[in-house]
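By letter and in written order, the chains are A, B, C, D, E, F, G and H; residue numbering begins at 1 in each of them.
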Amino acid sequence: MDVVFARPKSMTQQKFHYCPGCSHGIIHRLVAEVIDEMEIREDTIGIAPVGCSVLLYNYLDIDMQEAAHGRAPALATGIKRVLPDRIVFTYQGDGDLASIGTAEIVHAAARGENITAVFVNNAIYGMTGGQMAPTTLAGQSTTTSKTGRKTQTAGFPIRMSEMLATLDGAAYISRVSVHNPAHVTKAKKALRKAFEVQKQGLGFSMVELLSTCPTNWGLKPTESLKWLEENMIPYYPLGEFKNKQGV
Amino acid sequence: MDVVFARPKSMTQQKFHYCPGCSHGIIHRLVAEVIDEMEIREDTIGIAPVGCSVLLYNYLDIDMQEAAHGRAPALATGIKRVLPDRIVFTYQGDGDLASIGTAEIVHAAARGENITAVFVNNAIYGMTGGQMAPTTLAGQSTTTSKTGRKTQTAGFPIRMSEMLATLDGAAYISRVSVHNPAHVTKAKKALRKAFEVQKQGLGFSMVELLSTCPTNWGLKPTESLKWLEENMIPYYPLGEFKNKQGV
Amino acid sequence: MKTLMKGNEALGEAAVRAGCRYFFGYPITPQNELPEYLSLRLPEVGGVYLQAESEIAAINMVFGAAGAGARVMTSSSGPGISLKQEGISFLVGAELPCVIVNIMRGGPGLGGIQPGQADYFQATRGGGHGDYRTIVLAPGSVQEMVDFTYWAFELAEKYRNPVLILGDGVLGQMMEPVIFPPEPDLDKIDKPWATTGCRGRQRNIIKSLYLDPEELEEHNKKLQEKFGLIQQEVNRAEKYQAEDAEIVLVAYGISARVSMAAVDAAREEGIKAGLVRPITLWPFPEEILRVSLPKAKKLLVVEMSAGQMVEDVKLAVCGRLPVHFYGRTGGMLPSAKEILAKIKVLGGGASGRSIR
Amino acid sequence: MKTLMKGNEALGEAAVRAGCRYFFGYPITPQNELPEYLSLRLPEVGGVYLQAESEIAAINMVFGAAGAGARVMTSSSGPGISLKQEGISFLVGAELPCVIVNIMRGGPGLGGIQPGQADYFQATRGGGHGDYRTIVLAPGSVQEMVDFTYWAFELAEKYRNPVLILGDGVLGQMMEPVIFPPEPDLDKIDKPWATTGCRGRQRNIIKSLYLDPEELEEHNKKLQEKFGLIQQEVNRAEKYQAEDAEIVLVAYGISARVSMAAVDAAREEGIKAGLVRPITLWPFPEEILRVSLPKAKKLLVVEMSAGQMVEDVKLAVCGRLPVHFYGRTGGMLPSAKEILAKIKVLGGGASGRSIR
Amino acid sequence: MAKKGKVLFDEERCKGCELCVTACPKKIVYLTERLNQSGYPVAGVTDMEKCTGCAMCAWMCPDLVITVERGETP
Amino acid sequence: MAKKGKVLFDEERCKGCELCVTACPKKIVYLTERLNQSGYPVAGVTDMEKCTGCAMCAWMCPDLVITVERGETP
Amino acid sequence: MQQEVIVAGFGGQGILLAGQLLAYAGLMENKEVAWFPSYGPEMRGGTANCTVIVSPRRISSPVVEEPSAALVFNLPSLLKFESKVKPGGLLLINSTLVERQPERKDLYAYLVPANEVAQSLGHIRVANMVMLGAYLELTRAVSMASVLKVLEKTLPEQSRYLLPVNQKAMELGAQVVRRATAIGA
Amino acid sequence: MQQEVIVAGFGGQGILLAGQLLAYAGLMENKEVAWFPSYGPEMRGGTANCTVIVSPRRISSPVVEEPSAALVFNLPSLLKFESKVKPGGLLLINSTLVERQPERKDLYAYLVPANEVAQSLGHIRVANMVMLGAYLELTRAVSMASVLKVLEKTLPEQSRYLLPVNQKAMELGAQVVRRATAIGA
């Protein structure tokens, strides 16, 4: 018998601190698998965001920096300019990337900064206890939109992938989901592409991963996957929005 | 004989401090004309940016606030939420709106904040003496890109109108130019539309005006108009990118 | 009637009752219950809760709304308050009233989320650029979170200056009984300087730019005169067992509550300990330290920081009394026990010798 | 060979010679010549000049680059420095070395663009959150803009802490002759903590979060010990005519240059005036004020602010000498004449009486 | 010759989220009543014989609980 | 009956930028040699008779120097 | 006398609520009260706890260093808080979930099979009320009647029917300790 | 003696450059020098000025309060700086552009038709050198030769041919004041 699935080598042995069923775990693993497969563990520098995944550095066995909330793309820029032959990626939540860090991600993309952003969109502020995010769906209830997000006053959920794809510096932008095994496979492929785009020096790459926050959505993990599929995907269509590599 | 062209009533008598041939003067006047024509002088609150046009409040005879660099859309949001029946607009340069103020304009648009942004894109930081802006064209020489902007290291010029048009909250987005009388007329129409969109409560509106900075471009005013036409318009195509009003 | 409320929520309710109708903020622990409360409460009274895209956007929305004449508030903690520093400097420069709440946590950097008091310098000196001051109020109980919120709005508008409420994770998270004072009469408040559209009057301009340095100096003089006036009119501290105290603790906020317990414990052991609790941190209540501690032989400053207010205490007593310090950092609270031990190490009130 | 250079440009050239290869910044007057110079110069030496989208992005790029082991710098003025405060707190928290230049202008708010010194509190106390300090160097000439830039990088790396160079519009804009010292040997510098990819070693983590308050307190203790060490090892001031001076001026940067002229003028009139010029503002050179002014009867602090360093002077002398203040704000420079007049009002060095 | 699979659960990592349960095409993964030290009920397999080693359970497990082996049926 | 125009220059506001010069379809606007108090040469009209009052000069003038009148030719 | 109690267990065991009920009841009896929770959603899973002070006079510090009593609902809480209780204080252990005995001998310790009792009432979620009942029986910090009044005021309409079971739970908790003698002390 | 001079006029008149040449020349002569400009691109149009100190000893303050000389190139500069010059100081006025006479009587004032002279050389842009020549003639702050050497070193290759006209301009400026007598003082 061969081992066909095991813990990636780029991960530490530490147990995740995440809530049961939280997608961060799946996505952490996918990133580690891509690092393993590309054999870049020793050449990669990751940036942890401020969000539930701030402790990413406890789980990935690579060099890492921890950014101020939203500023991971700026850190990545600083690192990549100093070490252009390393692989540099950010891992960011939707509050981090789509709210406070809007300017940093837009300009990293506009500059064609040769880095990769792993963007975990769970439509909520997980770490701070479930407040509305810019990505929160219309009608979705959160601790700061208890009666459901009203677009009239709280605005419309923002589609970062579509927006960033308008920028010339963006080389690869795609949106995937992790709500079932088939999509997890696709998500991994997208991550691999994004890292390859960086390796080839083509410019900015980002993968937006639709994901769950069972705790703050107030749903069971399995219900969360369903909610994601039925509510998030219609508003956040999956697919590639930019691919300079053309593969 | 009838007076067919005279100083708009919404302007003060003060002389502009701008350099000879600077487009800010034209655009100030267009804003004042629209205010006059809509008879909203006493109902309008403007926000001056940090940039050459920071002294806008010396020229428009209306209530005004001065924002920190890039934050005019946040001020406008604050004002409009308190006074929803007033007309609130920002006047912002490309450094102000497309660089330091990226997050504020993106989210004002995403929220569908019912305000109008008058975006003066002269492809440079005028006030600080001609440094590269995010909107500076590839190859364009500035005091921080003396040998011409290299997209490889300094990134690609950013098209704000196209980017913001991807947002659901944006009701009216168009790009115009002021390089000749015909286009100045069109520019005014666009401004009028933007203000009308606000009056109708349709959401966020923005007019991007391609304009000149003869001093920092190192060109004579008349040459500047030509340079704008020949270099900026090909990269920044004119037109409406969003029009919820549909008129 | 007394109700039991969390500090964060009580502060929110107090703001509403004090006439605040606009809140702009961004989530951060340990103050989240405040915006969460207001996100439900403000719409009920016709107000607006708006979650901004960042703390910077929030403070600038506050600028806009304050300039439009509204009673407006924002809140945050540590990193978020740092991001507001440019905005606060602009608010003071433009003389706009507003209330800013900092529910402090441990720093520096991302630090932690447990209670802290290490933003004292930032609050009292202004972490932004230029010569400016904000009034800083330091509540020590949930009731004071309420009372000082009313007071903060009053002061802000009286002096056209931002007012900071400096709480911490304990004050924000704990529940105590509170009574809400009667709502103030806001009709009296006139803001002829507000930018509301210039209907029937000369237009108003709200700005902080004075390109001519002589004008900017004039503006600064005006501001400094205002700050001087505030120093005269606003400063408050509470004394506890201080009249005959030989060793006087100086502490604010939650540290003062713990220090009070330490004073009790010291008294039980026969040590003449007392406490001065600064309530306004800027203006710092220097007078009370200078003139009203007849028996004091030494001061012991207790903070949840590496020692910040201790500078103001030293400046106040100007070498006339020795000033000692006991602090905990990183989210750790000092305990009454530790403080008592420190009092004993210092020999109680005795100068130089241990008292037992 | 001496060359004539603008302060801003000389600082840029000094950074390059000191081994700085990375600059991230955002335009603002009156420091623009510095980034402009480096935008041409850095690519010549294989370095990178990158204009960030904002000061916040810039300081965080500095964080990334410093963490990657590079010598890196950023610069700004007033409002831009305020925006960097969160980032600076993070840099200190993560113990990253870098150099931050503030070419001060008048504030608060947008203020003006003429020279100022009102960011002293922000620089010396840290305008950000949490207990942290940055070393602050105050050059007084273009030559010192050069020398202190070398020194700043050295200190930053020695202590793994950001170092601030606090200049002002005059120092940045004026030209004076300068000599560039020999370039330091950078090969010796080892940064085993840098995140460069974990080839052949255990991975490195650069962070400032310690969720456990006990760990965060430990971290803070370590930082405080470092700050204590810096206080012992780094503090510098220059004395001018101070040995027999009865009235001693205390001023830094360009104010000190003007004060020096005032001292000359006073001496010409027979007044025993002298000057102490703090060179490190944090650590503040307390000792020199405390012990090395044998004849001093009073101190006169001169600043281009409403009075900020004056607090450090008071803390240093702790009531042993009267401390007076003369300041200009808003971009106005004090003149030697005015200062002399103030000296006379204070009665020169005589205590209480006018000296002539 | 059909492929045969085997799954191993690192039970102390399990949080009982049941994502593996819904993921398994053979419907052989279920939540046991065993609690681990963190107090979570842990996942297990009803009938290992039916396992094809497709690893879908492992792909969905957020906590890297599951290791999957596969080989020829002898 | 053709329209006839008239343009008036508020010379103290003029900065000699010549945008009016290039804008005039009748080519009658030019830069005079007169300097105003700010030291700028000011714009003027060669032949007012030809002016149609189309206001193109005024539309392009950044400094609001020009007032345009128009009426029926008598 | 000033009562300082710490209530600790897993999140979801009604820990914070039990503490709040106690504080509310104290308020109702015109006592001074303070309630302070552990906080920080950043810590996923793990334990929750809160401290409550009920006092006849002004409460100086709301932060409890040495509680006069601890109600522990699970093993980690026992490990963490046993050592903190002041000598001669009270330690109530939810013996359904905690198999271990207390180590200290200078406390009055009681084993309360709270989950078991709650289960017997058909409502596992009232285990917290069982513990609270036991605590009140031993300390009279507030009266059970006050707690019930608070419940009555704060329970939403559709949960009113749960009042009797809550009351019963407290009573059974009280019974447990009335019958038992303390271990140690 | 320490020379403190202010040079002031419209932007574009070579004001800052004239000041820099003077400072460079001082440096070349191993003197202490300092140059400080008015700055701020925020002020569009308007006047430019700079102050230069050339001194045999360490310069205490680089900021000039009472210049020993002022070179004014236009009327606004005369209005602004005449009052600042120290009593007994020097005031050089570009009389081509400034029709007005100086008001103070306690200064040595000279009218130098700088533009006119420059025009006569066919290079209006050397008006600044005419004024500089006049100033050097009166003060010997530095030698004309030093200024020329600086020009030689700093002029780009393709502008070298302008050296003679610059020299001529300085000489003519010197001539003007050699022949004239000061107004006032």
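Simple rule for what comes next: contacts are C-beta pairs under 8 Å (C-beta built on N, C-alpha and C of every residue); 3 or more make two chains touch, one makes a residue touch a chain.
A quick note: this is a predicted structure, and the numbers were derived from the prediction, not measured.
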Between subunit E and subunit H, the fewest steps along chains that touch one another: 3
Which of A-E and A-C has more C-beta pairs touching across its chains: A-E
Separation of mean Cα positions, subunit C and subunit B [Å, integer]: 40
Geometric centre distance via CA averages, subunit G-subunit F, whole Å: 88
Between subunit H and subunit A, distance of the C-alpha-averaged centres to the nearest whole Å: 63
Where subunit C touches two or more other chains, by residue: 29, 48, 50, 53-54, 56, 79, 86, 90, 94, 109-110, 113-114, 207-209, 211
Junction residues of subunit F - those touching two or more other chains: none
Sequence positions of subunit A contacting 2 or more other chains: 18-19, 22, 54, 66, 68, 99-100, 102-103, 106-107, 127-129, 134, 154
Subunit B residues touching subunit A - in the complex, by the definition given at the top: 99-103, 106-107, 110-113, 134, 151, 154-159, 162-163, 166-169
Touching residues on subunit C, where the partner in the complex is subunit B: 22, 24, 48, 50, 52-54, 56-58, 60-70, 72, 86-87, 90, 94, 195-200, 203-209
Interfacial residue positions of subunit C with respect to subunit G in the complex: 2-4, 29-30, 113-114, 141, 169-170, 173-177, 254, 257-258, 260-261, 264, 333, 335-337
Subunit A residues touching subunit C - in the complex, by the definition given at the top: 50, 54, 66, 68-70, 95, 99-100, 102, 125, 127-129, 131-132, 134, 143-147, 153-154
In the complex, subunit A residues that touch subunit D: 41-45, 47-48, 54-55, 57, 61-68, 71, 74-83, 86, 103-104, 106-107
